[in-house]
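What follows is chain A paired twice: with chain B in the first complex and chain C in the second.
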Partner chain A sequence: MEKILIISLYVVITIIILYTIRHYLFAFNRLFSKPRQPYVDIGAADWPSVTIFVPCHNEQAVIADMLENLLRVDYPRDKFLIVPINDRSKDNTQAILEDYAANYPDLIKPVHRKKGIAGKAAALREVSPLFDTEIHLVFDADYLPGRGLIKQLVAPFFDPEVGAVMGRVVPHNVNHSLLTRLLDLERSGGYQVDQQARMNLNMVPQFGGTVGGVRASALKQIGGWRNDTLAEDTDITMKMILNGWQVVYQNRSECYEEVPESWFARMRQIRRWATGHNQALAKYFIPMVRQFGKFPFFTVIDGLMLLGVYLMSLLLVIGWGLSLTLFYMGASIGTGILIILAVSTYNTFGNFATFFEVASATRLDRTESRILLVPFLSLCFLVSLLTVAVATIKQIITAPFDSTLKWQKTQRFRNGNGNGNGNGNGNGNGNGHSNGNGNGRLIEEPTRGYAYNFLYVNGRTVPEHIFNHDRL
Partner chain B sequence: MKLLLLLLITVGWFLLPFIPSVRELLRPTDTEPLRVVSRESSAISFFANNFRRYFLSQADQFDFSTIRDFEPATFPDGTPFVRVQGQGTFPLTNNPSESMVDYLVIAGEDTVFPEDTAFLREIYGVKSVKGARNSIYRAILAEEDLLVPEECIILRWAHAVHSFDVGENTRLHGRASAEKNLRLASGVLFEWIAAPVISIGHVEEVNDVKKDDSRLTPFEFKDMIKMTKGGDTYRSVGDLNIPNRSLVTGSLVIKGDLDIGEETVVRGNLKCDGKISIGDGCAVEGSIVTRSALHIGEKCAIKGPIISEEEVTVATGSVIGMDKGKTTISAPNVYLHNGVVIKGMVVAQREGKTV
Partner chain C sequence: MGTSTKILLKRDRMVEELRRMGVYGSVIHMHRSMAAFKLPTESLINFLGIPIIFVLLCFVAFPYMTDFWTEIFIFAHSFFKFPGEVNVTSYEVFPYYYLDLPSFTMNAGWPSTLHLIISASFVIVLFLITLLFPDRLIPLAYLFRAVCAIQTTAILYFAVFSPPFPYSLTGYTGCLMRAEIIIISLTPILFAFTLYVFKMSLFQKILVSLMTIGHLAVFIPLQMLVHIYLIKMFSFIAMPVLFFMFGLIITVFIIIGFYSWGVSRVDVTQSGL
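Presenting the complex of A and B:
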């Protein structure tokens, strides 16, 4: 018995150390090498036709802002269509969408779903085949795309091997609470370091299902969106890779989102991610293993590790349990300095490798004081660990291959009440939106100059960003 | 007691990193959303338009009848400027031996700029601007034509509403753009150039090239895999050589090197992990993407964007882009030979040079 427990502990430690090495590899890659973004400078081209899908379910708090920003993007109007997919909203979402559609009949064509399977993946599966543009982009309803984002996300599709593109998600409601600030840090680590490092190292950047898109022909080839998964993004990523398509990440294609403002909403979000991701693990682990010898070795390894990422919480909990059990059993887990180091690594640095990624990301982002909050990430880490572990155990026990798990929508918090304003701003004009004006002298930054652009939030314009090459 | 002390020390040690965290939590200093990059800044005249807006906002508040030409003055925001036209003496910095003008310059028609001079602030050309050789300019906006002659340096950006001519061995840092034509002599170094028509050196009459298919041999996609059922994208694992005067109908994804013979026409896109060499007189109707170097031969016509992760060389007489479909060349190193025409923009992340 003791021997079995010791061997189990060693297996857990080995897997965690592999993930630790991976995290450090990614962080060092980002700190010491240039980001690979070959498509991002394409500014002039014969742009392909694009449909932008915006799945919505009770989005009255945020959908008007989203549409206002999409209406201002820089893309040829004759090649550009916005398709909000209203999935049985019970609030004012439908009225808002209809209002916009009436004002922009050539640009906005909402689809209202009244039946069928609920959820984003099912909505996309049902609606995307109705639109035969070359590129399909997807944004969640709480996102705030900047003017140039669509061109940036479309540019990689000039590469005929690219099947999916992912941009960077940047939290907009950072200053709301400790949670939003911690999620901001977590997103930074995940995108600025993890995703971009995978892109640099020719591994498997993950299509995140929002701020990104797919080539319609590639999507058709892999069977379209699956409606039996809670993580349609991971599903698409794996199917694209297994079918020879490339998934591209662009760190400079940034878009604001609203991160959960309550711990409950956060736990629900991460529970859904974990369950969906584990579904993908069950489906694609063996097919991915079969790619050894066909795909580059590290691409396959990274693909497998990506699939197993949400098992890590459970493994950690098991590891801690094993450690404690063996300690109280008085068992010797081995001798020698290497063993002690390995166990110490697992118990300390192994668990905190992602923190190093986050710290690296804050450096790359050239933010100042937010790095001071990194110790608080242990709070986020613990909540995620327990939530994911419980969700995974539940999934293993009750429904390891269940394809009918229920979609749970992330709650929106814009305006601070979790319900939104619901006014819709139907006409879409006269809102004072402007681009790059009235800000005094805009070219004196010692790097290359700076210039403001604007986003439309809560019925007013806000500064969106400052052009700054050095941060890239 | 010892145990309690040990416990306290342990807890204290554990909480030590939280001291700055708690301070930042209670007195937040960094809670703004990350500033994301503006894509609008890729517009040809982005900086020029911003500068124009700034200039006009200041000019609106200033009575120009109160100053004489070449006489230093100050805008309402404190920026020193000088209005000039024709010939005159520019006010220099306190150390005249340095030949530096530290004023924003409002240049009227026929302004004669001094040679061997550094202009530390922007120049606003009410109409055309003719720079002088061997000078350094921070930034220039010309509302009509702009000439930056040989051996000059542009530090930030330069934009002409009409045409923009750049003399030999001039360095263009940042953006150089025109809303009609941008003509570069040989030996010009650049980073980001954009115009409806960019021509290098002497260019013969340029038309959108149309190739006659009748004398071409259809290319057979032997040993290649179709990427999508019913699609026209083919994948090849090794190197690929396409014979002269072939007609390739479809897109290619090549894992090795790609060598395209002379006068071949590709009706599709090209993606290659290795080097791409395109023979003289070829036409590619789609995009070209390579993780390595790309050489485009003489008198080729490329319609789509060109992306290389190493180097792009375009030989004499080739035309990139079309009148109706502008395009982009993007690579760390870009070398453009005499007689090349680009309709759109060129981004050289490391070094761009006209040869």
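Presenting the complex of A and C:
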């Protein structure tokens, strides 16, 4: 019995060490390698036609800002179309969308879903085949795309082997609370280091399902969006890779999002991610293993590790359980000084890896004081670890392949005063759209001479760089 | 180096400066997505040199440090009026490297029924309190619940099994201290990989390492005394939670704290930012 437990513990530790090595490898690569960002600088080209899908469910607090920003992008007007997919919203979302559609009939064509499976993946599966453009981009409703973002995201598709592109997600409500600050650090590590290092190393950058897009022909070839998953992004990533398409991460293509401002919302979000990701693990682990010998060795390894990333929480909890059991049994997990040396080294370097990755990212992001919060990330990790572990256990017991798992929308926190229909169409309800000019035209902000762009938030036009200030 | 090479290098430097020159003498910063650090020769020398020097210094200083720990233990022994006496045992901390580590000759007891009841009540009350925590205190609630979970395993173990407990207080102290000393000596190596590779002044690099090691040298004996005091007071039932939640993990987080301060001093202009 004791022997079995010790061997199990060693297996758990070995897997954790592999992930630790991966953290260090990614951090060093990102810190000291030139970032690979194909075609990011293309400004003038024969741009392909693009449909921008914005799935919405009760998004009255944020959808107007999203559309305002999309209407300001510098992509050729005759080449792009905005398709908000209203998925049974019970609030004012439909009215807001209809109002925008009336003002911009050539640019905005909302689709209102009344039946079918609920959720983002199902909405995309149903609606995307209706629009015959070369590129399909997807944004969540709470995002704030900058002026040049669409061109940057579309540019990598000039490479015919590219099937999906992912941009960087940056929180804009960072200074709200400790949680939002910690999530900013976590996102920073995830995108600035993790994703970019995968891109540099020709591994598997993950398409995140928002601030990104897919080539319509590639999407068709792989069978379109799946509506039986909670993580359609991981699903698309894996299907693209397995079908020989490349997934590109574009670090320069930053888009602002709203991170959860309450721990409950955060836990709900990460529970959904974990459940969806584990569904992808169950579906694609074996197909990915079969790619050994066909794809580069480290691409397959990275693909497998990416699939298993949410299983790590459960594995860590199992590791703790095994350690506790062996502790009570008084078991010797090795002999003498060497085992103490190994345990201490593992504790030091193992626990440190993620913090190093985040610290590297924040340094590249040029934030100074926020780095001091890095030790507090342990709080975030503890909550995530236990939430994900419990969600995974529940999923294993009840439904590892369940396709009927309920989609849980992430709660929005932005001040909803700016959501109405007043983008300057003369019937504004005094709700914060203070820059409306009364004739339904867009406000053209002066960008010449500035090193930054403008975004539209809460009814105001603000320079993009205000989100980058570095305060504790 | 030939003259033509020098001219080319000078030209490259000038082009680089021109690229970053903004209006009215301002500097055009590179976008963060494009930035990457360089690994200059100076960093590589620091990367190898500082940890080697520090580790060697640690090996020289450890006997003095453990003498200091012994003094602290002697003071605590008389202050808390612990039974028995302070014992100094020679342990092999690294292969062929021995240190004299202090401990107490006293041992803790197997928990009585009263200990079990108090401990169970503590777990129940603590868990119920965490249910009342507001949203912003959720991380603290999870931390307390983790403590409750480990403490529950301890209660179950001591309720079901009978003596002897596989560990003694002296053995526990010696084992934990050895691990902590190893962590101290690993700190410069860890910083070499994760901090010294950045552009910082040599003084700052040495300062961060000295501060971290100095802090640990004072913290560890005090941490050990708290552990010993609580285990003596509440019996062995307190040992699992102290070992798993407040042992090596605390030491590592102290290092992370100093590291985050150190890395905030890194010169980011080196990255083109």
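Just so it is clear, the second predicted complex is superposed on the first by the 413 of 472 C-alpha atoms of A that agree within 3 Å, B and C clash if a C-alpha of one lies under 4 Å from a C-alpha of the other, contacts with A are read in each partner's own complex, and residues count from 1 in each chain.
Note that contacts are C-beta pairs under 8 Å (C-beta built on N, C-alpha and C of every residue); 3 or more make two chains touch, one makes a residue touch a chain.
Everything numeric here is computed off the predicted structure, so don't read it as measured data.
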item	value
First, second, both or neither for A:Ile7, with chain B first and chain C second	neither
Partner chain in contact with A:Tyr256 - chain B first, chain C second, else both or neither	first
First (chain B), second (chain C), both or neither touched by A:Ser33	second
Partner chain(s) touched by A:Gly330 [first = chain B, second = chain C, both, neither]	second
Touched partner set for A:Asp159, first chain B, second chain C, both or neither	first
Chain B/chain C common contact set on chain A	168, 178, 252, 254, 365, 368-369, 372-375, 451
Footprint of chain A on chain B - complex, ascending	17-18, 20-21, 23-25, 28-43, 46-47, 49-51, 53-54, 57, 77, 79, 122, 139, 156-157, 174, 194, 225, 227-229, 231, 233, 235, 251-253, 268-271, 286-287, 289, 291, 303-305, 307-309, 321-322, 325-328, 330, 344-345, 347, 349
For the chain A and chain B complex, residues of the former touching the latter	36, 38-39, 41-46, 74, 146-149, 151-152, 155, 158-161, 168, 170-175, 178, 181, 184, 188, 217-218, 220-221, 244-245, 252, 254-256, 365, 367-370, 372-376, 435-438, 440-443, 448-449, 451-453, 464-468, 471-472
Touch list for chain C against partner chain A, complex	28-29, 31-39, 92-95, 135-136, 138-140, 142-143, 145-146, 150, 153, 157, 161, 165-167, 175, 178-180, 182-183, 186-187, 190, 193-194, 197-198, 240, 243-244, 248-249, 252-253, 255-257, 259-261, 263-264, 266, 268, 271, 273
Chain C-facing residues of chain A, complex	24, 30-35, 37, 168, 177-179, 192, 196, 251-252, 254, 262-264, 267, 320, 323-324, 327-330, 336-338, 340-341, 343-345, 347-349, 351-352, 355-356, 359, 363-366, 368-369, 371-375, 378-380, 382-383, 386, 451
